[in-house]
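So, here's a batch of structures to check.
Two complexes follow with subunit A in common, the first pairing it with subunit B and the second with subunit C.
Coming up: the complex of A and B.
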């Protein structure tokens, strides 16, 4: 038996605990004992033999010898150089996370509207942190434990009661450096009663030939009547592994819209835990993945309706080419006593090559009779009749295929409520399906975000 | 209606004896007070009685409880088995020792003490009854009460029956008529003696003894079951049927069915099961293996009505079954139809391995759970060859405090060009304390495959009930009507003789006092 890859991280933690603790704050350190206890008991990170991880071995994702930036080395990063994921015609409040270090830009701090806080988790109001950090959902699992164990920094966003933000907040996660690194990243977003906020998070890898791994936890608390939009765009490298867990809690009347796009990556495992606590909530959870080469994309959702009269809609679409593999596992639970809920889930996939693989497992757990639930999954190829129609009208096959693939993704793109981001994503998809992007990672899309 | 009265009377009897009652009536009402009317109606509708719960008083030979190599040898010796079969059993037993029971099912199942079960029970007059006179009249009476046409005069009903009581095949009917066509239909112990080559060739070829925990257990201790061989080009002129009955207390039933359909043949096979009401849980771990050769077709229908436990969830059969068919020949076809109304716990996934080009698999299922029943059932469709097709239609109905899960796998391997699957699984919830779950696994490794899955979960809609009420149909009847309509798609797939029985069963199970 080889040593579980978890061991190198628990060993590191034991050796460096003092340093890690001193780099972080009490609130962040508070979670470490529980994390260690959980991981020691598990003995290893999840593997394919575990139910729910059938196609993604997290053990293998973190098997490379990744270091943790315990000495808080400041990796210089040229944002202009690495950050090509601009969205034209939009102004955002930009925050950058280099590896696992939050680097606030002067413009961000200057432009924050009243009632909005965006800062490092280390500088955040300790009362708020104490109340919310790690508390969004009850479930405690490997993703949460692994992240909590080595967490040293993170982003805290707080939107006060009734504050409706006009501009989106943009968080850019960048991997940079010459040594293989593990970056534990965390975002805690608290939208108080009636608040409205949109966040765009982009994951990039600057040094393409170096192995990186990230463990990300995004905690979202949507207070009563709050509205939170979260857009997640991954354009990393084939050598990047990402294990990202969303932990969302919705109070009564809140609306949550998460849309995650994996355009280029290495191995990605996204987990979405959504706990609908209050009545009359709206939840839209969508995602898309474009896989080529040996990309691997795994999305897994666990959405629980605990109260009455809520509506949830999940839509995940994959286009897989070459040897890419995709997995989707979605679960809707309607808890005992939760009445009049409507919950829908759909997963549609296109396989564009003989080597591509797709695994899907849409699940329903229903404990109440007063529900309307449905789920659907399809795996197929481009409609040959549609292809024929287009070719018979003079559109070359490659062009026709590209158009159909773009059209296939449209309903995910349309879940995005920022028009300029929709345009941007359409453009990225076009490039992606033209083969321009692929491993060359957005080299064609240069530019700067219009910062004010 | 007369039937109403009878059912009422049965119910009263049952209450006196403290058997399946209607206690949760009130409990359901309390949870959600404003829906008391509805829930009591639904509760009425879902609390039928189990009429097969009697115990037959026959002398039964039961070997002492416990499992060891000696027990495996003893079973083999009692059945005068050849050496190779004993070897097979021992290999399976040794492998079983290395395995642990699977835990992934959405089931709340207490650990089974495998040393507390007797692995062999047989009505005493078991040594190959040559004609009906030799069978214990009590046993005959049992099968009569179950409505199984064992008696010669009833054979006109045109069904060949193999009846298995506890561990031993009691009587197979119609053998001569079948033999004329070259069809072999007998108990598996007879087949081992009379057709060792066939059995040796096919036994364990579809479900290996290493397949899973319960398959290993069955391979080690299986006592009897049916063997069917349909020769080349023969269309079996009648439905073949097996009836399973657990009678003795403290025993498990481990039967094994092996069906081989040679090239261009056709057979329709039916299986039914019942057990007495007992407070303890009984284990039923069977294996069904089917081999379908070129252009052959096998239709396998099950009406499963093992004792499901009482209203409080005491007792009942644990039905942990491995069923699998191998469509080995090109253009072969295998169709599973099941109506699951019994068992405290059901864990079964009748599967099709589509290895022949153009072969097709079908799975039609109605699973009804009520009281504290739990079912985790579904199918596996493994597409190995080009142009293979599969269809899955699963209808779940949950009532009371039951948990009903569909779990299915559709796997398309790289060689399965143009594979096609359509899956539809619907769940109907009657009452707010039950659960309906869906766990479909879809695994596609070929781009030309088209795989679709759809599922819906709902309760009977107010509009449907309203529509019926408007036309003078009382709510209770309307519920029965709607449920039957909902299950119709699957019921239609059953052979006629069975469809009637299954429909009646669904009525008894779900409709209670509804005529």
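Coming up: the complex of A and C.
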């Protein structure tokens, strides 16, 4: 028997607890005992033999000997500031998370509108943190426990009642450093009644030959009538493992739009827990994955309708090439007594090579009669009729394939409500299918860092 | 018309899956000519056009096709297009998510690249689109839409002729371009084809009915039956077929084979 990879992290926790606690805050330390208790009882991180993790072993993702920056060794802030994700025609309020350390940009603090807080979880109002941290959804699981065990920093976003933000907030997560590292990352976003906020989160890996892992938890609380848009763009490296769990709670009349794109990565496991508590909510959950090489992308959603007259729509699309593997598991639950809900889910996949593999598992649990629900999944190849039509007009086969793959993603891109981001994502997809993403797409970022 | 030969097809044979469909086609086309290929259902008309355009669903089992000195059958579909072959599809394919503009830009620039020319400037490209749309009175609104998506039957066929106008082929094959067209659309589409006609290029019109040939006047009419061209004549042959149907040709042919 080999030792579970979890053990290296629980051992580290036992040995370094004092340092971890003293370099964090009371609110973050408060969650550690429960986390440790949960993980010790489990004995290991989720494995393929566990239901819901059939295609992704989290144990294997964190098996490399990853260090944790428990003593908060600083990475130079000027390096962090030189990162800027290349989204033209969009001015955002930028914050950077270097590994697991929150670094605001110089302009962020100056430009925050009245009623909007964007700060480190360490500096956040303790009353608000106490009220919301870890409370978005009830379920407590391995993703939440693993993240809570070692968490020392994070991002806190608070938008006060009725405040409608014109500018998007951008969080750029960067892996940087010369030694293998685990970064526990957390975001807590609270949009109070009637507030409106858009967040663009971009995950990058700067040092591409170093092994990195992240445990990310994103907690979103959409208050009554609030509108929250969350766009997540991963362009990391083959040596990066990301385990990211979204924990969302929607109060009455709120609107939540999450769109997550995995363009380049190593192994990614995204989990979406959405709890629709209030009546008349709108939920749009979408994702896309472009896999080549030996990329692995697994998206797993669990969306619960607990109330009346809400509408949810899920769309996940994958294009997998080479030996890339993908998995999608989606579960819609319409709870007892939740009436007149509409819930839709669709997972469509293109396999561009004979070596690529896709596993999909759409599920519905309906405890009610008055619902409109549908779910569906398809796995196919590029349309040969379309391919021939394009070639007959002189478009070379490789170009035609690229155009069809891009076209396949169009309806996911269209879920994004920021026009400039839609344009940017279309451009990134074009680069991606030309084999130029990851490196080329972030040439500007890397170029600037190299100059320093 | 000249002595120059644009396309010379000799004993062309092809199959789809295990079924042999073309059983020895011979056809000679010179610049400036219009050839009509007619024939009953299942005679191999559409297969002939697919094989000439290089559809990978069909396998050529014998014969040759010389296209102005180039071995047509050795080329990829895209290179056949660059060399001047154009197929107007019987059923133009809908391509959701690919806009007409991007589609045409890719086509135009691929051809330029083939001939070592730089990509066309944005303004020249837009001018070209505007000019060529006029040939078939194609609505500008269609340019921003996905290729053929939500186009009416008439719009799809106009779109084919529009693409033909842009690509300026030396040989255009119109595969049942008249199917699904009302009389007004037919007039526009045929008018477009006639406007594009020069003494340098040629057209193959594949059709069931004589109707289209009222608008696009053929120099030669061929009858395809059971994978062979069994009769060739002038425009009068089309009129005769309209009047008498195909049964007399079928009978003639089937009797011939019985005698053999």
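By definition in this document, the second predicted complex is superposed on the first by the 428 of 452 C-alpha atoms of A that agree within 3 Å, B and C clash if a C-alpha of one lies under 4 Å from a C-alpha of the other, contacts with A are read in each partner's own complex, and residues count from 1 in each chain.
The definition used in the following text is that a residue touches a chain if its C-beta (ideal position, glycine included) is under 8 Å from a C-beta of that chain, and two chains touch if they have at least 3 such contacts.
If you're wondering where the values come from, they're calculated on a predicted model, not measured in any experiment.
After superposition on subunit A, the partners subunit B and subunit C are accommodated together without colliding.
Look at A:390: by the touch rule set out above, it reaches subunit C but stays clear of subunit B.
Once the two complexes are laid over each other on the shared chain, residue contacts for A:364 go to subunit B alone; subunit C is not touched. When both complexes are overlaid on chain A, the residue A:336 reaches subunit B alone and has no touch with subunit C. By the touch criterion defined above, A:94 reaches neither subunit B nor subunit C. Superposition on the common chain A brings subunit B within a closest Cα-Cα distance of 14 Å of subunit C. Of all residues in subunit A, only 383-386, 388-397, 399-400, 403-404, 406-411 touch subunit C in the complex they form.
Residues of subunit C that touch subunit A in their complex: 53-57, 76-78, 80-82, 86-87, 89, 92-98, 102-103, 106-107, 110-111, 114, 146-147, 163, 167. Interface residues of subunit B, counted against subunit A in their complex, comprise 31, 104, 106, 412, 414, 427, 429-459. Of all residues in subunit A, those touching subunit B in their complex are 51, 54, 336-337, 339, 349, 351-354, 356-381.
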